[in-house]
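Written out below as structure tokens is the structure these notes cover.
Which chain is which? They are A, B, C, D and E, in the order written, and residues in each are numbered from 1.
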Amino acid sequence: MNKVLRVVAFLFVSAFLILAATSMRDFGVPNDATMDQYFIDNTQAEVGANNVVTAVVFDYRGFDTLGEATVLFTAVIAVLTLFRKRKEDEMFEGEVR
Amino acid sequence: MGGISTGFGVWNPIAWTLLFIGILIIGLFVRSRGNKSYKRGTDQTQPFLSGNREPENPEALHVRGANLYWGMVHGLSGYYKRVRESHTGILNDYVAWFIGALGLVFVILFWIG
Amino acid sequence: MNTLAMHAPVLLVAVPLLGAFAVPLIGKLGRGVRDIFIGLIVAATAALAGLLAAHYFGGAGVPQLYVLGGANGFAIPLPSGLSVPIRILFEVDGMSAFMGLITALVTLTGAYFSFCYWRERSGGNMYYSLLLLLTAGIFGMELTGDMFNFFVFLEITSIAACGLIGFRVWLKKSQEAGFKVMALYTLSGLFVLLAIALLYGQHGALNMAFIASQIGTFGVSIVDKIALGLLLTGLAMKAGAVPMHMWAPDAYGEAPAPTSAILVANSQASLYGLFRVLFTIFGVGASIATNAWILIVLAVLTIFVGVTMALVQNDLKRLIAFGAVSQIGYMLLGVGVGLVRRASILAGGGSLVDSANALDYGFVAMQGGIFHMLNDAACVGLLFLASGAVIRASGTRDLNKMGGLAHHMKWTTIFFVIGAVALAGVPPFNGFASKLLIYQSAFKVSPFLSIIAILSSIMLLAVFVKAFQGAFMGSKTGLPEAGEARPGMLIPMAVLALVVIVFGLFPGFFIDTIVTPAAKALWLGRDAYIGAVLGGG
Amino acid sequence: MSIGSFSFDVTASGQFPYIIAAILVAFGLYALLFKRNLIKMVIGITLIETGVNLFLVMVGYRSGGAAPIYTYANPGQGMVLPTPQALTLTSIVIGLATTALLLSFAIFVHRHYGTLDVRKIKELRG
Amino acid sequence: MNDRGMSVIVRTVTRFVYGLIIVFGFYVIMHGHLTPGGGFQGGAIVASAFALLLVSFGAAGIKGKLNKKLLQSLEEIGALAFLGLAFAGLGTAFFYNLLAHGGGFFGAAVPAGPNPGILNAGGLVPLMNWAVGLKVMTGIASIVIVMLIGARKEETE
């Protein structure tokens, strides 16, 4: 794509992002806080933790946290994969450099 | 059990396969009734390379994969030139295509409905 | 409803995760132990997927919920006196179970193929760990009912896929492909996250069913529309739809052969996410027809550009990769036609149930598109495995340097031909069954679509004739040292070839048993999907 | 005080903070579109990520709310929504992971190609 | 910065400080369910201490101090522990917090409303904090070490 189209696309997408921001609800007044109010009210009774965020992270949305730990694990494995020591004689099956 | 009925017709692979085998058998039968007068090992069974002798190196006879369809690619050269140029290995262009498609989708969603 | 089937959705994610976390430790005990362990884990995963599918398709067909950490049992997603699900839900309907089957098939064959393919390679532990992580991410994407959870699994698949793409660090091309694909995956993931943030800001919840009901109640606001655009483009890009497909051939081509098939399953998982967004979350309102036509345009572009680009490739895996890109277009076409018809039925006030029972052409198109997902996974997986065997035997990926392999590796040749012919839609194989449904029903929308689809299918056959001619034909003297692939590599190929043939010979049975429930889950399952979470409906 | 139609009052109404996040995302897109250096493109991706995280955590703000932690809370004060903070934590860690992988890929690309210029890293094309 | 690390001032200060940083990280992990923080944040703090060691003493200076294999094994153990804690509640549901309000181990009931907080509460949450903390500190540390050594090889090549 040439430069002009690129600039046009960039401007369009930025404009729509600004449009999304301006047509959001007002800052500081959530539309529907039922779920979060439930967390705030019932964390101490259900989980027994004072830190609501940690309770959400590890109990109510604990599966997300498992996925998050998995993402970190995946990244570690991938980086170790890239920087691993490898045998010299494993250049085969048409792996032309 | 085998067949599927689309809203328009029926496709039954089992019947198709049986029919195919039947036609194959008929064809082989017709072939078996053919003329037996030619002799093996003579010129009648040699490949005919438009009068040229068959080269010793059989590699010379192998048409490489890349040589197939050169005519079609040549015929569509205008299209191929444009499309292959769009696959520049440059990451900026890929991101640009992505962003352009995103902007286009936004425009369509907001202007058409 | 026995306990295992009840826990099957979450175990499908947790068991591969367990394997992935444990592989680097178990690998210290030696290669044999590790391979046995991975074989067990993969087999258990496939068995769980089969159990889930059997339980769903054998059951009543209502979406099956799993509340993660739910103190008050499984069936009650909502706390008393609350209208919002507060915990992460797994929601399994026909489409999810169907996708689980596809992923299980591809993963099983890919992993068992790898045992022989990667024998004398370094970093085997990390390879299998990444493979299992990719599997777990794909299963999570297909089973979850929570937007943010979907994003998390999307990122898991992205990172694991890129780790596998860049696995052969001594190839400069693989590193280049790894960087490009990682950058684009991250970008699409960030767009999806931005869309999720917008939806959360609008509706104050992250559950798909709740957001869907909110949109159904209050209509599609501007912010929802922008979120829809972001989700649509991001997921279509991760599925590899033209014009956002440029990463796909790099990824499929540079990844090790067994994982290329799993990457295709990954693309199909994001395609599933796209369908979920379009059918369930934004399944009502004025803009369905627009979304559907966007899908159809993407589909036509994908089919045509993919095939024509495949025709001029000289790298075997890159050629197959472009073929796989074009097949994504057929799924998009089928489901897009179905969405168009669904929109018109909804606008006309018709009944979706009757149209589904009367085999309306929209429903038939969706059957074709969804059935083609399974066929594409089997055929492309078979082709990639065969190409891996060919590349390993011939020592090159360039079609101009290959030749005469049919003399040396007969079984691989047969499997390659089966996969190629089936993918090109030649009767009586399975590709023809699904493509026939797509042709006939796309014709009702516009003959142009069917013509493009049929032409591209013929060209795909030509593409594979080129690959076959280049790799297998020719004299014996071409590559004299090449030998037949090991049995450990032939058996997975044989399994996939068997799947291809069986699905081709008995398409009606499979369409009735698994494809129709999956299509119905998208076609008319929106209310059931919402009602299973929020009650009523 | 206000610029144009956007009010500055952070404790109450107005969309001005969201616009800041959108502008951050736009900066990141600019870097991805027009910068030729791999490292700069990674920086662009992190910019987008920061914008999205900022947007996510701003969505959860409730005017006059305190941090949702009962250990420090003073009685009677409302609390901001906890979920977006949890999500932001998750997405920050995900961003860390992706950035680490991207940078190590950049190291290897430089090792193979000897350059970080995107225009020279195009073996895979056509 | 050469392979020997940075100047003597930095190294001396690091010797004083990194222990304190690690202790603070452990505190953040331990009180994750009471005060701001948690497993991820505390683990990141501890990993930052390792990174500080790395930059101030150089790749050669930490040879033998930080064992890469041990770090990776610890990370896998942390991940497995987290997954196992998630599996523990499978009797009811995956991720079911079965220790909360059990009365015993980490099961103390907390009073409603603002309170100084009870350390022996929260059920599985503190244990998950520990698992994730271990995982994150070792994971980030091994990422940093591996990338630094790889980049060093890059410079020498």
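Before moving on, here are some points about what is shown:
What we mean here is this: a contact is a pair of C-beta atoms (placed from the backbone, for glycine too) under 8 Å apart; a residue touches a chain by one contact, two chains touch by 3 or more.
A quick note: this is a predicted structure, and the numbers were derived from the prediction, not measured.
Chain centres here are C-alpha means, and the one lying farthest from chain A is B. In this view the innermost chain, defined by its CA centroid being closest to the centroid of all protein CA atoms, is C. Chain centres here are C-alpha means, and the one lying farthest from chain D is B. Between the Cα centres of chain A and chain C there is a gap of 22 Å. Mean C-alpha position of chain C lies 29 Å from that of chain D. Taking each chain's centre as the average of its CA atoms, chain B and chain D sit 48 Å apart.
One simple way to say how far apart two chains are is to compare their mean CA positions; for chain A and chain B this gives 43 Å.
Shown for chain C are the residues in touch with two or more other chains, namely 17, 21, 24, 68-69, 71, 148, 152, 155, 159, 162-163, 166, 169, 172, 176, 179-180, 183, 187, 201, 226, 229, 312.
With touch defined as above, residues shared between interfaces to two or more other chains in chain E number as follows: 34-36, 38, 40, 72, 76, 79, 83, 86, 94-95, 97, 113, 115, 117, 136, 140, 143, 147, 150.
Those residues of chain D in touch with two or more other chains are numbered 25, 29, 32-34, 41, 55, 59, 69-71, 83, 87, 89-90, 93-94, 96-98, 100-101, 104-105, 108, 111, 121-124, 126. By the definition given earlier, chain contacts exist for A-B, A-C, A-D, A-E, B-C, B-D, C-D, C-E, D-E.
Contacts from chain B toward chain A in the complex involve residues 86, 93, 96-97, 99-100, 102-103, 106-107, 110. Listing the residues of chain A that touch chain B in their complex gives 1, 5-6, 8-10, 12-13, 16. Residue ranges of chain D in contact with chain E, taken from their complex: 67, 69-75, 89, 93, 96, 100, 103-104, 107, 110-111. In the complex of the two chains, the chain E residues touching chain A come out as 32-40, 72, 75-76, 79, 82-83, 86, 94-95, 97, 100-101, 107-113, 115, 117-118, 121-125, 128-129, 132, 135-136, 139-140, 142-143, 146-147, 149-150.
Only residues 44-51, 53-55, 57-59, 62-63, 65-66, 68-70, 72-73, 75-76, 79-80, 82-83 of chain A touch chain E when the two sit together in their complex.
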